[in-house]
Structures are given as C-alpha cells and as structure tokens.
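Both of the next two complexes hold chain A, though its partner changes from chain B to chain C.
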Partner chain A sequence: MKALTSAAATLLDRIGAWFLRLAEVVGELSLFTGQVARALLRPRLDRFETWRALYRVGVRSLPIVAVTAFFAGAITVLQVGTYVVKLRAYEVVGWGFGFSVFREIGPLLIGLMFSGRVGANATAELGTMVVTEQVDALRALAIDPIDYLVMPRILSQVLMMGLLFGLGSLFALIGGIGTAWALVKVDPWVFWNSFVEYVNVADFLNGLIKATSFGLLIGVVSCAFGLSVRGGAPGVGRAVNACVVASAVGIFVFDYFLTYLLG
Partner chain B sequence: MSTEPLIRLEGVSKAFNGVPVLHNITLSVARGATLGLIGAGGAGKSLILKLMCGLIDPDQGEVFVDGVHINRLAEPARMAVRGRIGMIFQNYALFDYLSVAENIAFPLRRLGRAAPVDLMARVTRRLAQVHLPGIDHKLPSELSGGMKKRVCLARATIHDPPIMLCDDPTAGLDPVTTNRIFALLMQLKAENHATALIVSHEVDALRGICDRFAMLDHGRLIFEGTAAEAAAGPPAVRRFLLGEALGEGAE
Partner chain C sequence: MNALLDILASVRTQARESVGVLRDTVHYTLRSPWDFAAIRQQLFLVGNRSLVFVLLTLGFLGAITSLQAGFQARRIIGDTSLIGQQLLPLLVRQLGPTLAGLMVATRVGTGIAAEIGSMVVTEQVDALRMCNAPPVDYLVKPRFLACLVMLPVLVIFGISSAFLAAMAVAASVFQTPPAVFATLDFVSLIDLAEGMTKALAYGASIPIIAGAAGLAARGGSEGVGEATTRAVVSASLAVIVLDFVIGGAAFLVRT
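Here is the complex of A and B:
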C-alpha cells in the first residue's frame, strides 16, 4: 500500500512538473511574442540580414517544397482515384484534388516540411549564436537582437511560406494531373476542367491564410527557442528538438482553429 | 587625471541556479584609468564585465556607468549606454557569417554612425592599425586565434568608445601576439582617451599597463590597489601574482 502511494505521488509529481514546464514554455513564448509585436511598431529591419533570410528561407527551401507538393498532389489523386474509378466520377477528380490540396494537405505538409527545414535551422543558428556569445556581442554593440535577428527571420518565414504555398500548389497540380493521366486514366483536360469549374479563389486563399499563419507560428517558435538556448551544444540540440515538436503541434492546433474559422 | 569613478559596482551579488558566483562586490574604475582584473578561472571576472555592460542584472547591488544606473534601465535605454562601451569577448564572438570587414563595419553601419562612403575607409584604416591589412574579405573561420582577437579588438573600438571592457584579450595566444594585442589596446585607449578594464591572466603584461589591480577569489573581491600595494598585499594575491596555487588553507 505504501509503495502504491509512493508511486502515485511520484506520478503526480511528474505530471505536475510537466505542467509547470509547459506553463513556463507558454509564458516564455507569450513574452517573446509581445517583444516581437512591440518591435513591429517601430520596424528597424536590417536590409542585408533581411535579404539573406529571404534567400535562405525561400530559394533554398523551394526544391524540398516542390518535391513535397508534387507528391502530395500525386498521392491525393491516387487516393481519390480509387473512388473515381469505382463510381466512374471522372469529372470530380480535379475538384477533389483542388479542394483537399489547397485547403488542407498543401499548407499542412508544406508547413511541416518548412518547420523541419527552416524552423530547425533558425533555432540552431540562433542557439549557436547564443552559446558563442554572438548575441551578447550584438547587445554589447547596442543592437537589439529582436530587431536585427528575429524580425528578418519571422518576416521572411511569413512571406516565403505564402510564396512557397503558391509555387507548391503549382507543383501539386502538375503531380495531380500527371498521376491522374498516368495511373487513374483521367484525361488531363477532364481533370483541368473539373479543377477550374469547382475550385475557386476562396479555396486558394483559405490555404494561403493557413500557410502564412503557419509561417508566423514557425518563425516565432523557432526564434524563441533559439534565443532561449542554455547549456552549450547539447542545449542547441535540445532547443532544435523542442522547436520541431512545438511547431508541429502548433501547426495542427492552428489548423484546427483556422479550419473552423475560415470554413 | 580625475579620480571620479566612471564605472562603479556597489554591493553586487549574483547567483546562477542558486549557486552564488559573486558576493557583495564593490569596485570602481576611475575615469581614464586602466584597471586589471585578475583571479583564477571561474572567479567571476567575465561576469563582472557583463554586469558593467548591462548584459546581465545583479541579484543584489547596483551598477553605475558614467553616473547612469544601468541595471535599473529598460533595454532600449541600456542601448544608449552600451553605445559608449567597446567590449572584447574572451571567445571572440565574431559574427561567423560576416566577413572581417563586415564584422568591423557592423556597429557603424547598423547604428548609422558613418556615411557609407566613409565606412570602408574607416574599416581599412582600423585593419591597418591592428596590423591586419588585406584580410577584409575573409571569414572569421579562416583566421588564426591571434587574428580573430585583433579583429575583435577592431570591431569593439571602431566607434571610438570611451569605455573599453576586455575579457581575456590574449587568452591562448603566444607571447609575441600577446604583447602586440596589449600594445594595440593601449594605443587605442590613448587615442580615444578611454577608460579600460582588462581581465587577463597575463599578470606581468598587466603590470606594465594597468594603474590599479583588483583580484577576485571565489566570487569575492580580495584585493584592490596598485601593483606595489599588491606586492605587499594579502598572501593569496602575492601567491597569484607569483603563479603559486591557491590551495586549501590559502588565504
């Protein structure tokens, strides 16, 4: 009985510690978001750093986003194709593809890939700057790390998530049309007509809002975790891991609420 | 020389994760003076520099820089104070994605303290001054330790700061480079009529350039005075100056 009570106490202790840690992370993220919001009121973006971030986030992410989007489009058509063939509903394959890829699969998969590539990279870069005292050096030179390091990264991640979603949609369309033609035996023109007839701008905008929101989330989370690194190289590793997990969970939570709000 | 302190710590204590690192430190640096801060590794010397720069806040006590109560200022107001400080970091802290020239020009460019036309001329001049001409396009990763230290020195002083905080500026360097770095430090200090605080283990070199010494031992200030006073000071200070170990039972 005593052992059982002790085990229960230990379990409660661990659950309590976990909730305390969660509250600490949420609190730190909220304070950091407040700092970012304040910096937005007096934007002092560094031109060179912003261009560097845009290039690294956008141009270098394009190949991985293109491949992800291409296969996301192709897989969606393969899934839809089973029912299209069974029901002989060839004229809805473009709609099924466009609706699911634009509204859900596109922003979600691109967001997850983006968080793994760009978010993790930002956390590792900022974390390394913290442990090598480069962030302290910035502050000692009277330069605000939020203005100089954080704002360009968040801005570039928001802008590039939107742009990459647009380009990714194009690659998804290519993947979808190609798979529909090659494996489901749907004529590309039938696919295209179904796509333009049933999928409208609102579907694309829905996805675009989600993508840019995920960009904002990944930007804030990755920079917050990067700048809060403690404990040298192992601390950087822990922060990158925590950033990827928090971003992925955040993307799903954001997606849930945005889907509810945007319809 | 005015004896009015430019930097002053009053009863400063600091702990990390409940472990005390500094105990009730009261220390001042007179305007225009050069103070050598010595002590064994982990004594809290680097922490004192970071407190003076407002990078870390004390748990107790006050830090004054040129009469300004820096640890009571909000971050934006601290920036104005830090703009008058040049800090050299022990581990260089050069921005590894920027070239040497970009590193040195960085504070001037970012703070808009020099016209773009003048910027590169000043950088070239400062690079020549630290005996590193022609390396402006290199990345920090392509430089030796001594070169990095001199680039760090050039970056910290490009805006001619009246206060220089140097955290072990010669750590890991050979004696020739060490002497060269100290000579450069003193040259730049003289040019800017600056006040300097130098943390170093090069006691012999410090004797030649410092007006006063302060010694920390396990986070406590155990000595403050001139080199002559140190020679007649507490045994722990004399032992440190002579390079003897501070073992158990040492004062």
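Here is the complex of A and C:
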C-alpha cells in the first residue's frame, strides 16, 4: 500500500513538473508574442536587415521546399492510386491528389521542412549571437533586438512561407502527374482534366492560409527560443532541438483548429 | 545556377559522409562488442523521452485526417460511416510511419546532432580518439541500435494514438459510433509489412544522418547550430524520399 501511494506520488510529481514546464514555455511565448505585437504598432524595420532575411529565408530554402513538395505530390498519388486502382475510378485521381496536397499534405510537410530549415537556422543564429554577447552589445547601443533582429525574421518567414507554398504546389503537381503516369498508369491529360474540374481556388486558398499561419508560428517560436539561449555551444544545440519540437507540436495543433474552422 | 551547384556539392559531401558513417556503424555493430549499458540509456532517450511527443502529434494528425475525410465524405456521398475502415489502412501503411519518422527526425535527430556536435566542438571526440575509442563505435552505434528498435515501437504507439483520436473526432463531429468506426478487417498484410519496413528504414537512416552531421561540426556554437539544422533537414528529407521509394515498391507489389 505504501509503495503504491509513493508510486502515485512520483507520477503526480512528474505530471506536475511536466505541466509547470509547459506553462513556462507557453507563458514565455505569449510574452514574446506581446512584445512582437507591440513592435508591430510602431514599425521601424531596418531595410538592409529585412532584405537580407528575405533572401536567406526565401531563396535559400527554395530547393528544399521544391524537393519536399515534389515528393509530397508523388507520395500522395501513390496513396490515392491504391484506392483508384481498387475501384477502377481513374478519373478522380486528380481530385484526390489536389484535395489532399493543397489542403493537408502540402502545408503540413512544407511547414515541417520549413521549421527544420529556416526556424532551426534562426534559432541557431540568434542563439549564437546571445551566447557571444552580440545581443547585449546591441542593447548597449540602444538598438532594440526585437526591432532589429526579430521583426525582419518573422516578417520574411510569414511572407516566404506563402510564396513557397505557391511555388511548392507547382512542384507537387509535377511530382503527382509524373508518378501517376509512371506508376499508376494514368494519362497526364486525364489527370489534368480531373484536377482542373474538381479542384478549385478555395482548396488552394485553404492551404495558403494554413501555410502563412505556420510561417507566423515558426517565426515567433524560433526567435523566442533563440533569444532565450543560455550556456555556450551545448545551449545553442539544445535550443534548436527545443525549437523544432515546439514548432512541430504547434503546427499540428494549428492545423487541427484551422481544418475545423475552415471546413 | 551557382546556387544550384553549391547545393549539389553540399548534398554530395553529406551523402558521402553519411555513407562513410553507415559503413563504419555496420562494421562496428558486427565486429565489436556491444555496450549494453549505453544501448539501454539510448533506448530510454529515444523511446521513452519521445513517446509523449509522438503520441501528441500523431493524435492531432488522426483528428485532422478524420475531419478532412469526414467533410469530404459528407459532401460527396453523404455517409461518414466508411471513413474508419478506409482511414486505418492509410494510417498503417503511410501516415503513421512517415509522420512518426518525421517527428523522430525532429526530436531525436536534432538531439543526436547537437550532442555529438557539442562534443566535437569541445574536443571530447578528439579525446575519445586518443583513448582508442572510435567515435562511431562509441557514440553512433548505440544510437543506431536504439533507433532501429524504438522506431517500430513508436510507430505502433503513434498509429494507435492517431486512430483513437480519429475515432473520437468521428464520434463527436460526425456522430459515427466507435463500434462502426473501428474495424481492422481492411488492413492487409501488405499494408502492415509496408508500414513496418518504412519504420525500420527510418530507424536506420535517422541516427546515421544525424550522427554524420554532428561529427562534421566545425567551429564554436555556430558550428553546433549549423550541424543541428543540417541534421533535421537531411533526416526529414531522407524520410520523405524513403517513403516514396518503399511506397512505390509496395504499390507495384499490390497492383
């Protein structure tokens, strides 16, 4: 009996510690979001820094997003194809593809990749600046790190996530049509016609809204984790790890509620 | 054009490093004694410590898929009772393993790269070499074996979590009773084999790629951050490409 109560106490202890840690992270992120929102009211963007961030986020993550989207399209066609071949309904393959890729698989996979490429990079970069006391130097020069470092990054991540989703859709379409032709043996024209007929702008906009929301989420999370780095090189590694984990959970939670709201 | 060439060159170096680490890992796995204490510790770190994360994310994934499938089924055929039987095979053969694999690449891959990278930067790996303990044998092998064992386990837990969440959403949003939703009859042996093959392939590739990225870390904290970023991107990409390759093979077997 005594062993049982002590085991229950340890379990409660662990659950409590877990919730305390969760509350700490959520609270820190909320405070940080508040700071960002306040900075948004009086926008003082550094033009050079913003331009650099746009280039680094957009141009340098384009290849990885293109490859991911290409394979996302190919994988989706394989899964849709399994049903299509079973039911002999070759004319709906374009619909099944467009619907799943635009609304769900595309934003989700591109978001996870973006978080790994751009979010982790922003955390590592800001973390390194904190560890090497460059952020303290900025503060000493009366430059607000939120204005100078955080705003350009968040802005460019939101903007580029939308643009990359648009470009990624094109690559997903190429991957989808190619796989349908090579493996499922669906003529590209049959695929294209069913795609054009059944998939509409609403599906694409649905995905676009999801993608930009993920961009905002990744931007806020990565900058918040980067600026709160403590303790040298291992601290930077740990912060990057925590950032991608928190972004992934956030993406899934956002995705669920957006799916529910957008219908 | 130059950017493209740079990327191709970096892909080639990373692939070469990863293949080198893979060769060494297989060599040491077969040829040198296993340190069971280290393997046990890694099993705990890979399995137990990512369990909550995988359950949480895959649970949301199941809820999302159930919502999407339900909305479509309601709009087109007006009947949502079939989504359970169609969803489970999809979860078993593709969504479960791949999303769990991506989550492990994120959670464990960055962890491995950050840990080994910090050891490289602080010259602990050089110290290991001086003690005649090859870093791949001492650091990568236990993580490789642990991931190989734990990925299928995490995938099974993840699929269960996703299916339960999907059932809850179907019951609350579409009023499909759980008894109608939960049928195992439509999962074929090929689906199961496909899912488990994917889990094993991801389990083998994630620690190798992350370990190679960690061992290649140079410079101070900047190098560690860079290695961690590279690990998560390459490992996630490997998961997606393997998904396509294994999924394509299974598709050809099935049809």
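The definition used in the following text is that the second predicted complex is superposed on the first by the 256 of 263 C-alpha atoms of A that agree within 3 Å, B and C clash if a C-alpha of one lies under 4 Å from a C-alpha of the other, contacts with A are read in each partner's own complex, and residues count from 1 in each chain.
The criterion applied here is as follows: contacts are C-beta pairs under 8 Å (C-beta built on N, C-alpha and C of every residue); 3 or more make two chains touch, one makes a residue touch a chain.
Model, not experiment: these values are computed from the prediction.
Annotation for the three-chain superposition on chain A: chain B and chain C fit side by side.
Of the two partner chains placed by the overlay, only chain B lies in contact with A:A142; chain C stays clear of it. Of the two partner chains placed around the shared chain by superposition, chain B and chain C are both touched by A:T132. In the superposition on chain A, A:V85 makes contact with chain C only, not with chain B. Between chain B and chain C, C touches the greater number of residues of chain A. In the superposed model, A:L109 makes contact with chain C only, not with chain B. With the two structures brought together on chain A, the opening angle seen from the C-alpha centre of chain A toward chain B and chain C is 110°, to the nearest 10.
After the two structures are overlaid on chain A, the closest C-alpha atoms of chain B and chain C sit 10 Å apart. When the two complexes are superposed on chain A, the residues of chain A that touch both chain B and chain C are 132. Looking at the complex, you find that chain A touches chain C at residues 18, 59-60, 63-64, 67-68, 71-72, 74-75, 78-79, 81-83, 85, 99-100, 103-104, 109, 112-113, 115-117, 120-121, 123-125, 127-128, 131-132, 179, 183-184, 232-238, 240-241, 244-245, 248-249, 252-253, 255-256, 259-260, 263.
Per the touch definition, chain C reaches chain A in the complex via residues 3-4, 7, 52-53, 56-57, 60-61, 63-65, 67-68, 71-72, 86, 90, 94, 98, 102-103, 106-107, 110-111, 113-115, 117-118, 121-122, 220-226, 228-229, 232-233, 236-237, 240-241, 243-244, 247-248, 251-252, 254-255. Of all residues in chain A, those touching chain B in their complex are 46, 52, 132-134, 136-137, 139-144, 148.
Residues 50, 53, 55, 75-76, 79-80, 82-83, 85, 87, 89, 91, 93-97, 106-107, 110-111, 155 of chain B are the ones that touch chain A when the two sit in their complex.
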